[in-house]
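So that we are looking at the same thing, I have put the structure below in structure tokens.
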Amino acid sequence: MEEYIKKAKVLLEALPYIQKFASKTFVIKFGGSIASDTGLKESFIKDVILLKLIGINIIIVHGGGKDIDYFLKKLNIDINFHDGYRLTDEKTMEVVEMVLSGKINKDLVASINKFGGRACGLSGKDGNLITAKKFKAAKVDLGFVGEVQNVDKKILLALDPLFIPVIAPVSMDGEGNTLNINADIAAAAVAAELEAEKLIILSDRDGLLNFNNELIPSVKTADIKNMIKEGVIYGGMIPKANSCADAVKRGVKKVHIINGSIPHAVLLEIFTKKGIGTQITN
Amino acid sequence: MEEYIKKAKVLLEALPYIQKFASKTFVIKFGGSIASDTGLKESFIKDVILLKLIGINIIIVHGGGKDIDYFLKKLNIDINFHDGYRLTDEKTMEVVEMVLSGKINKDLVASINKFGGRACGLSGKDGNLITAKKFKAAKVDLGFVGEVQNVDKKILLALDPLFIPVIAPVSMDGEGNTLNINADIAAAAVAAELEAEKLIILSDRDGLLNFNNELIPSVKTADIKNMIKEGVIYGGMIPKANSCADAVKRGVKKVHIINGSIPHAVLLEIFTKKGIGTQITN
Amino acid sequence: MEEYIKKAKVLLEALPYIQKFASKTFVIKFGGSIASDTGLKESFIKDVILLKLIGINIIIVHGGGKDIDYFLKKLNIDINFHDGYRLTDEKTMEVVEMVLSGKINKDLVASINKFGGRACGLSGKDGNLITAKKFKAAKVDLGFVGEVQNVDKKILLALDPLFIPVIAPVSMDGEGNTLNINADIAAAAVAAELEAEKLIILSDRDGLLNFNNELIPSVKTADIKNMIKEGVIYGGMIPKANSCADAVKRGVKKVHIINGSIPHAVLLEIFTKKGIGTQITN
Amino acid sequence: MEEYIKKAKVLLEALPYIQKFASKTFVIKFGGSIASDTGLKESFIKDVILLKLIGINIIIVHGGGKDIDYFLKKLNIDINFHDGYRLTDEKTMEVVEMVLSGKINKDLVASINKFGGRACGLSGKDGNLITAKKFKAAKVDLGFVGEVQNVDKKILLALDPLFIPVIAPVSMDGEGNTLNINADIAAAAVAAELEAEKLIILSDRDGLLNFNNELIPSVKTADIKNMIKEGVIYGGMIPKANSCADAVKRGVKKVHIINGSIPHAVLLEIFTKKGIGTQITN
Amino acid sequence: MEEYIKKAKVLLEALPYIQKFASKTFVIKFGGSIASDTGLKESFIKDVILLKLIGINIIIVHGGGKDIDYFLKKLNIDINFHDGYRLTDEKTMEVVEMVLSGKINKDLVASINKFGGRACGLSGKDGNLITAKKFKAAKVDLGFVGEVQNVDKKILLALDPLFIPVIAPVSMDGEGNTLNINADIAAAAVAAELEAEKLIILSDRDGLLNFNNELIPSVKTADIKNMIKEGVIYGGMIPKANSCADAVKRGVKKVHIINGSIPHAVLLEIFTKKGIGTQITN
Amino acid sequence: MEEYIKKAKVLLEALPYIQKFASKTFVIKFGGSIASDTGLKESFIKDVILLKLIGINIIIVHGGGKDIDYFLKKLNIDINFHDGYRLTDEKTMEVVEMVLSGKINKDLVASINKFGGRACGLSGKDGNLITAKKFKAAKVDLGFVGEVQNVDKKILLALDPLFIPVIAPVSMDGEGNTLNINADIAAAAVAAELEAEKLIILSDRDGLLNFNNELIPSVKTADIKNMIKEGVIYGGMIPKANSCADAVKRGVKKVHIINGSIPHAVLLEIFTKKGIGTQITN
């Protein structure tokens, strides 16, 4: 009995947070090593179902990772990156889309449904959710890599509040080309359009780190420019950081970059005062 | 961090129960010694706010207890009981109503609001929620004691889902008399009308006890008659037991009689497999 | 037959007023000697039910009066006033609340329901309808007397249009103290929040009187300041007059202060061209 | 003042009737000599606006009368009747429709609007409100006289509750012919389809009369057959009486046949206990 | 089979236009010689039903024409015009209204219903759709000719989307006079109030013509003043042209003046790139 | 001009069909050779967008075909069939799902969006749209081939009426296995659950053929059993035919099996009297 009463007290500690976040929207970028760790994935999925049940609108955007490389290798297609962006020719794009929309997306949906949630997988193409144009990096032709031009939230509103949308960051441009979008950037664009309460990015690191590899617990959007100039943020991190800053400027209350390898990282971030990882605010 | 992860796990243990009870209705009879213990009352109120937040429709019916006697004594009005029913003349009824609707009811409402809930106090008179007629006990004239004739749920539906209704079991009969109704019976009648998922009666004992004072963990409605014949249920318990059985027959899934003096009794009963106290089912 | 036709003509005289006021909101302060005169009370209640039926949203705020003093005396609690405000210590507040919320409020609700209306009693605590802070009068500590800080109309909107809200002017402050609010001032605050068409204050006098005890039929909000300076409005009337003026400034079309002892005063005021009492407009 | 209080009392006498009839539907057949008496017409229109304002859904069906004959004569078209039915050839039908839908209907609409109501004129053709087939009388070819085949209430529901529908009893058959329907019968068919609370027929006589020309105050639908056999109901009255009986059988609570030449006949019938005219019930 | 495939292709050519105009509002002025040509009328009605079915809100305003003159002559009433306006005394107005609201309007409604549409005939009086005042022409007293003062779209919104409103341009002024309004001007006023996508005026000519009787395919609202000064637009055309220009200024996207005698003129105008007739835009 | 008028006439020929099918539901099985013919695919997509625009709820279920084999070969996975069912081991299922949900589904969605429609791709996993269990064929272990157990239409209703759902027939069973379902059978199950007006199966043949290879234009559900016994329907056709018959029994009005290689086959089938292919009705 004692033990049960202790558990009840833990439940009640969550009360002020549930009150605070009820009917708010969280956009969560799911990806990295957590995606290939069955235990972490399962604990993430339960966290998400719990959050949805207590009245938080959850939207998941996922990346691709190892599965894409696995199938590209199997199909003898070369794998190349530039500044964190995949060099994506037509053959590559075809495989990227199949793996993202046809494998990872459906796996996530099936897992959520298996534990009693109700998810609906979407690609950026569905209902024109994300339209994009080719991303012109400075020096290299990245091929079919896109930058977000527009987010049409109609399909998300149609699914709300019954379903948890799970989004594969694949999109179409005006000429009918399929484009691959970085999942962090897609998540930031969706969060911005929905003026989400939180954008939570599950990363393989503890958050943003300084030159000494120490966690930077909190960043103002105004600081981002300087951090880029100083080189704390560099390479492929630059457009991601800019997307996050832009999301905050457009109405997202807080961006959290947290280490997805901590079990229940999402719950911890939300239901404890101190929080973990790096926060970006205005 | 370890500790936080443990807490997250406790939260997740509640997940299947939250899934099961979302958007169901619980009617809770609040009263007895718990009402005069500040700590127990506060933990009850937090439990209730938590349940409302995770999507359970909570309706509270409260009794009177010590405050009524306190004011009757102060006003030099005699206090008499018969088989658990208060002998209620007009002067007594006036005080009973003032204490129930004007003191205990408003205290509960204020406490719930203070902790971030949103309660609305009601008496059986408000919106004709409960209409009654005089209860004719076998041998004694109980005076202004009522038995429920009708529950009109319109006002409860109007307040749902924003507010937690808190009901004082005072009612009017067709001649305009004010009648006092036993809180357990009023709660059972409201639960029956709403076809509630659960009717939870907070008692001063562990539940129904047998002749050896041992807890009877589970009772079928069909057994109630026999238990009355055998004398396990007797005196003022009889109409209460009959009300509970009737509620189950009219669609309430389960009645729980539990010991309110266990901290977080409501949460324990709901969020643990074994449960506590006595359950009445069909 | 002749007589019936005359009656029909009377009904039709009301037509333009019904057209004018359909779906508007009237806040009525009920109190004073009318409350203790059974005949006047009954005619008031019928007036109110009629107005609700022809499509006017009616909200009643009631005061306390003689019943409070009666119980204070019975309980040997001292009765003191300052400038029309009751000096209210904790013991006094407890009795004031019980009588207001548990006796007068429920009596009014029961009477309205008895004549076929559907009323719902509320205190300022219910649904946080009225939150207040301690009223700091110039020279005396009034104790638990409150001034309105906020009116949250959500609960009134939930009850509309099925029910007639009947409000006891008892409120809570941020520390959880129960505060007594003057009924005229509470009514004015509710009317202001709802941008009511009319605020009707049933008084024991014919309206505002000048130095010669003559009725002042009409006052502009701009005149109130001067009337206070000149002493026409003085003492406890000052905050009431300011509340009325404030209500008009915030959107109430007209405040009527009328003599509640005239039978059907409310109907007369509304359904005749000339009207009675004092009107306050912008 | 005295006088005003008396008036208020008259208003309150109407209270129980307003409570009883709120949100019920009354279908009123308007016609006969009342239509050509400006004073009676105006008092009828005010009655109707009052009833609509207090929450009764009013639907008016009007007949034709003198205006039709006036224009037929002017246009040199022969006027012939059989058993109360107009012998209606194509030329006659053209004039009947113009006068009904283009003159009487629009006059009524304009009058209601002038006094502050909001009416919408309809013919049986509008929204296929009434479809009919040729009425085959026993011995004579009546021409373009119709009997009701179907009432489609969709358009009435679309206009409710903002507008008072005013219906000219002109209809179309399956071949596209325009048919004239008796207004009493059309009103009965509309009342039946809406399961109206009341069907009120304004007649030139006091109601149904027996052989001694005495008013029959009340008739059961079961008696109608006998009354036809005995000849109390005869000729053109037969299909009208049958329509009324049929309406009652299909759910109309009461049919009232009253003398339209009594000022405010509609109000009297509704707002007095005894009522006037003949009532038909089940 | 070949032929069917060709037909399917024609259907598909309409696709972009259907996409463009879905859920937009078109106000169509129907009248002139097309109204007296059975074939043209039928093809117009089918066009209109098709447009309604593919999701365009259609509102028809019709004129009078030959039928009015026919009945005026029959009734020996003089017929006079000034600058295209009918000199309308009281007797004339009575006939004009009967023919417009009671004959032409109901014929159109019946025809639409016969082909499977669902129309509802309205006059400007119904639901106060159009209120007007007497039109004061420069030199002559036109009598009961009105100019639009207000359009109240409530009744159109009540009928939408189930019904096609068919409007006879007869209206009431503040004194209760019935006024005749030019159908083109009434249609323009309705289109302006609804901020319609298109106002389509079916004319007896190909559109606006220049001094050489050549079609002017397109006019800017800014040009209208000059065209009046130069005399291209003159006499009774001036207030019509001004109404059209005003409609465009108030939000109507395009006014089309087209020759109603071309079969399916409405479909052609809408579903072909080039269009026919004269267009007026901002 | 002549030509345009002809086109308008063709549009109007579609009118009765549009009237008949407005707001009905059509489930269309898309697949076979049409899927790999760019021209046919484009004409199919335009047909579908047109049907959606004129108010028909369109749901597309697609098969897989050549793309699956292409990728299986590339990945060196054996391809085997039994009675028309693919022998599906785990490796095969992974590829089947990626191609169905990640390539063909998204291609169709993108194509519909490109031509101005708004499609949303779904797999049977999304929102638990289709749950299945392993299909136990008589003699062979088919592996991860499923038969439909339940269709949950909630997600289709959430997307209606803004989006065209495009469904990949991949599903989950109770143990979390991914199962491949025959597209014809999945389409029949969805149609049955929605009580669709029509189920249209695009086939590579002209419809059901008899032993002489002649088209059977129409089949009653009662005949299906016999046709199986006689061997007209055999092998893999049997469960498909049974699914179609079952859909008709559960409320689908008509099943059409048509040759998808006829351009605009869907429009022809719907918008011509005779229709093409085989019809199955009750």
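Order of writing sets the labels: A, B, C, D, E and F. Residues in every chain begin at 1.
In this section, contacts are C-beta pairs under 8 Å (C-beta built on N, C-alpha and C of every residue); 3 or more make two chains touch, one makes a residue touch a chain.
Computed from a prediction, not measured in an experiment: that's the story for all the values here.
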Set of chains adjacent to subunit E and to subunit F: none
Most distant chain from subunit E, judged by the mean position of its C-alpha atoms: B
Identity of the chain that, by mean CA position, is farthest from subunit C: F
Distance between the centres, which are taken as Cα means, of subunit D and subunit C, whole angstrom: 46
Cα-centroid distance, subunit C relative to subunit F, in whole angstrom: 68
Centre-of-Cα separation between subunit B and subunit A, whole angstrom: 46
Geometric centre distance via CA averages, subunit E-subunit A, whole Å: 56
Sequence positions of subunit B contacting 2 or more other chains: none
Chain ring listed from subunit D, with subunit E in second place: D, E, F, A, B, C
Interfacial residue positions of subunit B with respect to subunit C in the complex: 71, 74-75, 94, 97-103, 105-106, 109-110, 113-114, 118-123, 125-128, 154-155, 158-159, 162-163, 170, 172, 176, 178
Residue ranges of subunit A in contact with subunit B within the complex: 1, 4-5, 7-16, 18-19, 22, 43, 46-47, 49-50, 53-55, 116, 262-264, 267-268, 271-272
